[in-house]
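Once you scroll down, you'll see the structures, which are given as structure tokens.
You will see two complexes here that share subunit A, one where it goes with subunit B and one where it goes with subunit C.
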Partner chain A sequence: MTSKSALLKVILLGDGGVGKSSLMNRYVTNKFDSHLFHTIGVEFLNKELEVDGHHVTLQIWDTAGQERFRSLRTPFYRGSDCCLLTFSVDDGQSFHNLSNWKKEFTYYADVKDPDNFPFVVLGNKLDVPERQVSGEDARQWCRENGGHPYFETSAKDATNVASAFEEAVRRILALDDRADHLIHTNTVDLQRKTPPDPSCC
Partner chain B sequence: MAELQPSDSGRCTYFFLYDGSKVKGEGDPTREGICYFYPEETPLDRQELLCGQLAGVGRCVSELSLSPVRVLQLRRNKFAIRMKDDFFWALGCSMDVPIVSVCELLDQLIDLFTFYNGSIRQSYQLNSQEALAARWAQYLSHLQSGSSELHHIFSCLRTIDSTNVDPLLLLKAALILQACQRCPLVLAGCILFRGRVVSTQMFPELTMKVMVHESETYTKAPRSNGQSSSSPSGGAVSSTTVFLTLSELQYLQSAPVDKDFSSHSTPHKDTVPPRKTRLSRTLSDMASTESEPSDPGSPPSPQKVSFSPDSTFSPVPSQSLEPPFSNGKHSHEAEEEALEESYYHSFHSNGGGGGGGGGDTSVFEEDSPLNGGRGDAACGTVFDFRESRSGNEESRDDEVQEEACRGGGVCGSTGDPLPPSPPPLPRSGALGDPEESPLVPMTLYMHRVKGLVLALLVELHFLSDTAATEEVYHSSLASLNGLEAHLRTISPGPPGPPGPYFFSHFDCIQSTLTTNLSGGPGGAPERPFVRATSLLHSHFCNTETLQEAIIRSAGAAVYGTRSVAQETFFQQHGASLRNSGIPNHQDSAFSLPSKARHRLLKHGVNLL
Partner chain C sequence: MAASCSVKVLFEQEGVFRHPSSDEDGIEHDLLISGSLRIVDKDAEIIVEYRPLEDTVDPSNMLCAGKDSSSVMEWDQCSGERSHQLLETQQSYETEWDMVNAVSFKKKTCTNGDSSLNHSHERSRWALAFSVSELRSITVKEEGWTFLTFRLRETSSSLPALHFHQGGSTDFLDNLRRFALLSESPDDDTCLLVSSPNKALSQSFENLLDDNNFGLVQQKFRKDPYVTTLGGFSKVTNYIYDAFRGTEEQHQRPPEEVADVLGEVIPGLEINQQEEPGFEVITRIDLGTRPQVTRREPLSAEDWSKHQDPEGRMTNITHLKQVIFKGGLCHAVRKEAWKFLLGYFPWESTLEERKSLQRAKTDEYFRMKLQWKSVSEEQERRNSKLRDYRSLIEKDVNRTDRTNRFYEGIDNPGLVLLHDILMTYCMYDFDLGYVQGMSDLLSPILYVMENEVDAFWCFVSFMEQMHHNFEEQMQGMKTQLIQLSTLLRLLDLAFWNYLESQDSGYLYFCFRWLLIRFKRELSFQDVLRLWEVMWTGLPCQNFHLLVCCAILDSEKQKIMEENYGFNEILKHINELSMKLDIEEILQKAEGICLQIKSCKDLPQSISAILGFDTEVSGSAPTDYESAPALRPPPRADACSNGHLRETSSHNSCKVAFIS
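Entry: the complex of A and B
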């Protein structure tokens, strides 16, 4: 699966205005536009990159944070390999809503094993001086909610943006490796390299 | 009726371009002058016969009457005629196609050719006849392809079926276009999905022209369902040179959107000012009122600028067109600005018109964007023209004759040409204007994401401006990807029960059609409705004062009503018609208007 450039779908979720589109744009085109309009529905960009010797194509899905766009965005959660939960460090409410976003994602993405699904948490707008959410609070939330990695980013200054997306890729790859590993050890290998399919047993 | 071939009746039977300059002397063979003839397999002597007859009669009548021939009838065909310098075009359709539609089709065809190739004379000097023949064939087949007969009757834009599309997605499309306009080299654009308009900033005629290139690139590109869109390489981007008339260009540039745009930080606000609240539903309206099954909305924003000059011709239509201005007034200051600007324009053109020498031409220039650009502005302007051109008694005669033909079906077989008729639609577009006012080359830029296309009219040097191309490409790519994903996942849904009635609603301003007809090639039960619609549309176009009409046969009655902005046609099924042949107030046909008003409300058609 990881031998040639695999397409990995990651999705950015979080309240409206926390900077999801800006993070995507910063990462893919290295540009920042402070006058972006609300995202309507979903958008996505592809970026090819190499992480730990793996060539992957990252397909980054940016979503509309506002509640009124909910029905437009939720159909696109399916098939995600990783979810980037985003809040803004200058907006406490956006931080408190993280668990709602996580819930919405697991529900609509129909995640088989939510406990092991890779989430990455991003605290954006690090450049804004007035913080409402401390790094410690955020890290604590991540620990208590499944040990998600946490990154403090600034799409405006390009701080930590690339590392956050690269971490998402690492998490996906790690999960794949583990899945491969599990297949090889825990199943009777009737057909080499074929993932276990309940219908064929 | 039995002799009609429903599926073909809207189609062009003949089309040719004849260059009279090649046939001057007595001994010159007619075939020398035939630049293109459709159907191409027509035997050459038959081609010569038709070209010779029509060109001869056309010329003769024009010289006798000192006005250009617009329509000729020959046997069972109705020919729209255009003459320009030594060039002579004729396009023939069967007799049951309304004259307006035939003329419109020919104008569109010539407009298309000019748009992609520049002036006729020059393109025949620069290119081989074979190469250009392929283009004529391409444009002709494009104009006739795919759409229903109703689309042919109204010559309207093909739009996405907005009943299943979340209005927010239409807003999204409009915002993508506006974002592109932040680049000053971008004039206007449109977004198409699988050959249908999602959103457009151009006037309908221009959008129609752009769509030809879109369908061309679509058929050329192998359908890759994979990741063709994912590569940021130039693969998905193409461009071609196109030619706008000066008036079209002025018209695009006059859009207030362009100037204001960069200064506004909220594009949403910008969508509002140039649009009318009543005549065309705005995108912001759509976001709020879902009940409107409105279409993607070609914002006829700058239209009002060019409407107002019409007041120099006849006050009536422009009065009825003004309410949209004032409707728009209530919400934004920006609108008032736009408003003032349009008054400014009209003031100017009025001044020009009244100011003695050269006045006429200036009025004409102001007016021509309408003609070149918008046949559909029609109902308003058609009549302007008639009135302005000396209140034309001739035209009335023609209408009568046309009606007589329909009624009796007699004169079709005589082969006598009709006397020169006035322009049925004021789209002089490809004819006079383009060459009198020079053509301006522009670039048509296209960015395709699978079935979705962003088409932009840009300045010629846009492509060499790397910063500009990258800005436009990158600012729109993510949104285009997303919009494509959204539109692709919309299932067309079952067409739903046809309902106990047929209706079709034509928006003259946006040139769009809403109908509950299946659109397939003439289902038998739809035939009478389509025919009646065709006939009524023709009457509406020819008779300015006609507002409502009911047309009936023994088995069916169709009601038609129109305003400056729209035409609506309605037929109730199953109602047994009580009709003894004598006018009778109990005749159920008379209940059609109220039925139409009630039934069509849920389709967003308000006839109240």
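Entry: the complex of A and C
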């Protein structure tokens, strides 16, 4: 698994307008377009990268944030290896909604072990001077909700964007290592992508 | 079993005669048997039966269909060998049919050889009955009246002729066409070849989405990865979901069998995989060739004003709409014409009336605008809905058509108007409020109107059409996705099956197309063109779904050849954005419409989607160029109507069915 390039699926979730699409575009194309349309439907982009000697293809999924479109986006949660919970530091409401996003994801992604599922939290628009959410509040939320890594990013000036995505990859690979370990000790054939349990939900 | 059969008479014609003297030897001359001919639905099997007026029961001469749906004909006159041989064939088909019956209709299993007709009273010497699926051909001849001779598949001889002394043969054939494809034989124009005559096909196709007991749907949903999310779906889908969770008995069927079943119940499926003995691969075409249509020039300002009388009433509106449908509008005409097309201005209104209408609407607009304008910060703090709407609108206005000159740059007045109209719309329809996508619908309208009030009211009209897309449960979107999938199955089942096999049968990838009517897929100018064409309401209801079909038709080859999976299909479709040619698409979509329209054996579900069933003559564009050649003129005995055009178009599909 370390030798060949693995396809890792990550999904960006968060309120409308927090900058999910901008983060994805910044990371994949290294561009920031302030005239970008708001997202309708579901999109994804692929990016190949190397993290700690592992070649991976990151498949980044981006959806529309408005509540109304839930039934459209939730089918795409399945099979995600990591979820990037995104808010914008100049929008307190988007921060408050993080727990809803986490709940929605856990429910629809059919996560078997939610306590160990890799979430990464992004506080975007770091470049905006009028902050409504302090870094301390955000870090506290991450500690209290399962010890998620937290990144303050700016899609506009590219601050921390790559590090956030790379951290997502690291978290996924760390889980895999544990799975590999299990295989050795228990000789249980644990596939990384086992088909979802049909009895759920 | 017999008792549980439901029998429905679908067609009845009295005054149909048999002339025994001409078909059988040793019968008195001049003997005419009068009776009635019926098409009946017996437990989902379509039977043609002829009953003489007086029932003289004589079982020895009963011609009856064999087992329910299999093709065994038991002639009492048959030699022992032949009966034996027939029985064997019957058994080899039996399992297949039982499966179809069980899966598609949950029919009680019919015991082998238990003719559905044996029990009936009609054992008359002169009675006739056969299943439509038995039918091989019908010969239509004239002799002062029309008489029909039926030939069944398993026999070389034909059944006794039926003489329509009181007319009605055309009606009868037309009714038969609902359950079988009749096509003129290439070497005998009096002979209609019958193919794929199975009511089950069309019926289960129609029922696919709403029959609770429809086993197939259960099968299909079971393997779907999204099943667990269906809770949030439409009523229809929930219905299917319930069906999926239903009875256990059908859950063990392996996928290959399901594929077979699919071939049986859905018209147009290509099945020639194993060439199983006993499978006759026949060409079953639901649609003829797609007619080539041409687009025309946009309507000029001069032509527009020619359609106005001195008081300013629009005249010859039907023609006007056709011209707009065929070519769209010159940009100069749009500002005025869109108001009519959208229904803001009544077509019959005079200039004066429109002026006073506009005055009233201006007042009304500003009253509503004042409502949100005068909300204090304190008030807004306590009104979370309004706050959310405002925040979303502000965000979205900044992300709508920002490269268009009307909305580009900072502090462009276009942005303020976009914002104000959307806020006022929230006051107009507070329950709906603002939903993402609405700014996309407003932007072209505002661009054309260049006027806040007119743009608002035109937007209101457009939203009347689009409202259901944005409602809480997104019912409109779900309905359209289901309708689109129904259309795709008709147009190209192989492609639809491919999508299904890639878990893309729900057509999620068309979501953006449908939500905002291709606004993001086409260049701004092409959006204007497409929308004005759609607003004519021509050439059929839900034309935008055919636009989807047209686009997919151009992409399907690539999708299938490259063997795209779920993700690649989505990506491919998303990336079509801004690469589409509107005129080409409209041309194709119109062609598809004509193609479907000229097909007589259209499942009801399709007619309902496209509004063919509600169309009364007159409301349909009469002088619309529906190329007369496409609709064969009805001939007296209707035997010329070749719906089956052997391998004619690229849409032709094959289906194997048991004969």
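To be clear about the criterion, the second predicted complex is superposed on the first by the 185 of 201 C-alpha atoms of A that agree within 3 Å, B and C clash if a C-alpha of one lies under 4 Å from a C-alpha of the other, contacts with A are read in each partner's own complex, and residues count from 1 in each chain.
By definition in this document, contacts are C-beta pairs under 8 Å (C-beta built on N, C-alpha and C of every residue); 3 or more make two chains touch, one makes a residue touch a chain.
The structure displayed is predicted, hence computed values, not measured ones.
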Joint occupancy of subunit A by subunit B and subunit C, clash or fit: clash
Which of subunit B and subunit C A:I40 touches, first, second, both or neither: both
First (subunit B), second (subunit C), both or neither touched by A:D110: second
Partner chain in contact with A:N25 - subunit B first, subunit C second, else both or neither: first
Partner chain(s) touched by A:A174 [first = subunit B, second = subunit C, both, neither]: neither
Which superposed partner A:D62 touches (first subunit B, second subunit C, both, neither): first
Touching partner for A:P75 - first (subunit B), second (subunit C), both, neither: both
Stretch of subunit C penetrating subunit B in the combined three-chain arrangement, among 25-33, 295-303 or 385-393: 295-303
Footprint overlap on subunit A, comparing subunit B with subunit C: 35, 37, 40-44, 59, 69, 71-72, 75
Subunit C to subunit A touching residues, read off their complex: 225-229, 231-233, 391-392, 395-396, 399-400, 402-403, 408, 435-437, 439-440, 470, 472, 474, 477, 508-509, 511-512, 515-516, 520, 567, 570-571, 574
Subunit B residues within the subunit A interface of the complex: 166, 168-169, 171-172, 175, 179, 227, 230, 232, 265-268, 474-475, 477-479, 481-483, 485-486, 489
Parts of subunit A lying in touch with subunit B, wherever the complex brings them together: 7, 21, 24-25, 28-29, 31, 33, 35, 37, 39-46, 57, 59, 62, 69, 71-72, 75-76
Residues on subunit A engaged by subunit C in the complex (per definition of touch): 16-17, 34-38, 40-44, 59, 64, 66, 68-72, 74-75, 78, 93, 108, 110, 196, 198, 200-201
